[in-house]
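There are two complexes below, and they share chain A, which is joined by chain B in the first and by chain C in the second.
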Partner chain A sequence: MTVARLWLRTNRRIVAFVGLVTIVAAVGGLLYASTVTCDPNLSQAACERFLNANPPSTAFTGVLALLPILFGIVLGVGAVGRELDDGTATFAWSIAVNRRSWLTERTVQDAIATALLGLACGAVNAVIVAKLNPGHDIAASFVGYGLWGPILIARGLCGYAIGLVLGALIGRVVAAVTLGLIVVAIVTPIALIVGRAFEPATIVPGHDRSLSDAMVVEVGALAPNGTFIAEIDCINYAPPDLTSDERDAWISDACPAIASYLLGSQMPAVEVREAAALGIVVLLCSGAAFAVVANRRP
Partner chain B sequence: MAGDVLEARGLSKQYRRGVWALRDIDLSLSPGGVVGLVGPNGAGKSTLLKTWLGFERATRGVVSVLGADPWRQRRVVLSQVAYLPQSPALYRDLRVSDHLDFVAHYRGAGFDRERASRRLSELRVPLKATVGTLSGGQAAQVGLAIAIGLRAQILLLDEPLASLDPLARQEFIDILADDVGQTGATAVLSSHIVSDIERACGRLVVLGVGQVQLQGRVADIRAEHEVYVDVPPPASTVVAKLPGGNTLCRTSPGTQTHETARAASLDDIVLGYLVAGRGLDA
Partner chain C sequence: MIVPVRLAVRRLQLELLICLTASLLLAAGTLFLANAAAYTSDVEPVPSWIGLVLYIRGALLCLPVLAGVVFGASLIAAELDQGTSVFAWSVALDRRRWLADTAVAGVLMVLAVSVPIAGVTWVLGSSMGAQLDATSSPWGVDPSALLLIARPIAAFSIAALVGAILGRSLPTLIVAILVSCLVLGALEIGFSTWRQAEAAPIDLSTPSVLYVGDRLAAMDGRLLSDQEASAAAENGAGYLALYQHVPVGLTPQARASMLACQVGLTLVAGAAALLIAGVLIERRRPA
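For the complex of A and B:
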């Protein structure tokens, strides 16, 4: 209880700020999503494109999706980096004789706060995304993937762990936060790639609008020998004595456009794998942070 | 030596940039009382205290606190040591009472919260005040109250008097002496203000350029030194020439001194040994 109260007092400014931003974005996003409507003459697909392309909806959902990561980085850096920067680590580590216990208490509280924020933002964004995509079961769809749901918790915790280890290593808040943003910007797309790397893609001729729940993995062409190639590589198969126009015509006939998709039903598996990849980053960074804290001077 | 609470044998500490903060320090402190650690800025006082605390690792030599290696047995050592840095690095956003709660949480029964609160009340430091609103002197008092509340066998106080006004310094020294007298603890008080050390400490260690220049009981040290004014002293007794032309000499107690010699003040003695340690001729 004491530790939780002290945590709240120590972090009250950042908690108040993030709480305010979350409430504004959530209320704004929900209000916008419930009031904006399409022209009745538009098809469902066109309506969804209109709704999703609207800058206000993008802004609200984008802010809510990014908040857990940013909050995580700031809290992570604050856990050790701010203590080192402010000099309070000297006091804390002379009082808390077991640094591992001290850091465990800090990280558990911070992680709970980050996870709660990720949960809230993910839940609000799920409602907004569902309202803006009325024809989809977003739980089995890549529509709005990464904007909602438990993946925001995993990303928030990843940001936290990266901030934690960078803060412990660098001991300077501004430098650690800046570097943390860069590292997270590199790590999160890699986690998504890992998440979808093990899922079998479905190859479909052309760009099938009916697969709007799916995620496009790769767009290319079907080579005359039946392999998946980049459209531009089809030129290698063309007879050499054709004119430019003849060659274009030959390519469009010989190499029909195809694309590979992950179907909407594969979304939960991709999400779990991406979360697992982020989880590994969390474990590695947290372990490194504990090792650094145990051995460094305050 | 068996029974010594703080020891350093052949202790050297080199920082990454190649600077030697301590060189071959040999020091043993027996239990009880306040020991003054005097030296100019950069003499290695903070490094020595942090090495005893397990916050710095010795480059060479052996360090022990109550018989334990502070780097390898940090938990054992820290549970017996209270540390107060120069600028008490407290949480600016937390209240004084929050700090007491923090310490009570981590030290449990090892922290006498009532005792710390009582000290703070005596010093008129409001428990509900946020640390960021306190003066430097009040913040130091909070640090001292916490250190006292820890009931530690050893108090390592790293220049806590530097930011205090004369009245606050006197209060600080009185409380420290009172606590050490009551508990039998050993306090090491580092400072470069010799008059404070003289008031507070029964023993003295002079540290200069990373080496121990002088150590002993303050009374003995004073009895063994004198200053020659205007006349050349016996060469074998000279410690150093002091700024202004006088000469600090070391004599055996009871030795007949020259009629122009006067008793050396602790300021003279510390200055003389620092000059001698640097190899300078003032």
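For the complex of A and C:
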């Protein structure tokens, strides 16, 4: 209890600020999702687009999805980088048992706080996304993927670990936070790609709009030999001696549009794999941070 | 003025290096992606990497603003946070002059980061077209090159003001990001509403037009009002036999005048923030 109180006192400003923004975004998002309705003239597809893509929906869910990452980076940089920037690291290390235990104490509390914020934001966003997508089982759907659920915990912890190592390396708070934001902006989409890269895609003829729970991986054409290729490559199969009209007719006949999808039921596997990729980043960065702190000159 | 500016740039060389490297990499990556998108756009395939286009567009808008906030927080708040402002003020002619020198250094660094990105956007908008052109943008934010320069300057000034109030670098960085997003977002929403109201049918092949969206029009080209469009939609899919969807947006002339207004208002907001920061710094106790 004393440890938690001390941690809260040390980080009271950032906790108060993030807490305030979280509450405002959560209340605003929940109220908006509970009250928004579609124009009765809109088709079902247009209504779904309206509910998910209009500015209030994206603003509230976007803020809640980004907060754990920002909070993680700031806490991570603050853990070591602020001590180095203020010049208090030497004193802090001198009264600790050793640097490793000093860093462990700090990171455990910070990581728990980041995970709790990710959990809260992920839970609130799950309710908002579910309300904005009636009729969808969001646990088996790519609707609102990445905005809700436990992946926000993984992203927050990834932001924390990146902030931790950059703070320890650079020793300047603002520069480390800036670089942290840039690195996270690169790592997050890479993890997203890794998450879906090894998942087998289902190939469906044409653009099937009924697969609204699925994620489109690629749109292309079915080659004459039955393989999935880009449309431009299929056109290259056309006989060279055709007239323009004959060529168009050949393309529409021989290169039917097909698309590959990840089905909604594959979402949990994709999310677990993305979280695992982020977990590897967390381990690497945390290990590097411990090594930097242990070997850094006072 | 040259010596204080050089010293300020030297003090922030690490932040400048980070932002400048990111800016140049993003500019180069955007050009590369635009070339690839232009190659594939003829035949409408959607390669798996095409989702990067939206991401890159977002980065083009966000990075300059982030750089502005970082320089604003580092120049003003960090000086107060580390207690070096007392010495800095004592060697300057007066605090107003110190703030002017600091602001000039900050604006120069902001320009160094934002000009490559604005240049790429200008090049793409004027000649390369393709799927990464500047005629549309995520969240309806106008990606014009001048705005990509004006917004970070305003963000720098806002961060300077927040820094003068809070006096701590890290809280300044976070609060300034939020305040900048709110101020610039409010301006963007206002001008976006104006753009919607002024939108007229456009030819998308004309250079420098700003695409706003599709609207329903009668076959003679007259745009339908919202009430007429709703009434037409009640007829179900059959209304398409009577009406057509046409791309609407701003002609180059209308776009230029609206852009001048937005750039002017953005810079005025930044100047106002800097003036208030000057007043606060002048009245601040040296401790």
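Here is the rule we go by: the second predicted complex is superposed on the first by the 286 of 298 C-alpha atoms of A that agree within 3 Å, B and C clash if a C-alpha of one lies under 4 Å from a C-alpha of the other, contacts with A are read in each partner's own complex, and residues count from 1 in each chain.
Basically, a contact is a pair of C-beta atoms (placed from the backbone, for glycine too) under 8 Å apart; a residue touches a chain by one contact, two chains touch by 3 or more.
Remember, predicted model here, so these are calculated numbers, not experimental data.
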Item to check | chain A as common anchor, with chain B and chain C clashing or fitting | outcome: fit
Checklist entry - In the superposed arrangement, which partner chain does A:F91 touch: chain B (first), chain C (second), both, or neither? => result first
Checklist outcome for this item: Between chain B and chain C, more residues of chain A are touched by C
Item to check | Angle at chain A between chain B and chain C, C-alpha centres, nearest 10 degrees | outcome: 80
Checklist entry - Touching A:A175, do we find chain B (first), chain C (second), both, or neither? => result second
Item to check | First, second, both or neither for A:W102, with chain B first and chain C second | outcome: first
Checklist entry - Of the partners chain B and chain C, which touch A:T2 in the superposed model: first, second, both, neither? => result first
Checklist entry - A:T10 contacts which: chain B (first), chain C (second), both, neither? => result first
Item to check | CA minimum distance (chain B, chain C), superposed complexes, angstrom | outcome: 10
Checklist entry - Can you pull the chain A residues that chain B and chain C both touch? => result 13
Next on the checklist: If we count contacts the way the header does, which residues on chain A are in touch with chain C in the complex?
Outcome noted: 13-14, 17, 21, 39, 41-42, 55, 58, 70, 74, 77-78, 82, 170, 172-175, 177-179, 181-182, 185, 189, 216-221, 230-232, 235
Next on the checklist: List the residues on chain C that touch chain A in their complex, please.
Outcome noted: 14-15, 18-19, 22, 40, 42-48, 52, 55, 59, 63, 66, 70, 73-74, 78, 139, 168-171, 173-175, 178, 189, 230, 233-234
Checklist entry - Contact residues on chain B for chain A in the complex? => result 50, 53, 55-56, 74-75, 78-79, 81-83, 85, 87-95, 98, 101-107, 143, 146
Next on the checklist: Under the stated contact criterion, what part of chain A meets chain B in this complex?
Outcome noted: 2-3, 5-6, 9-10, 12-13, 86-98, 102, 297-298
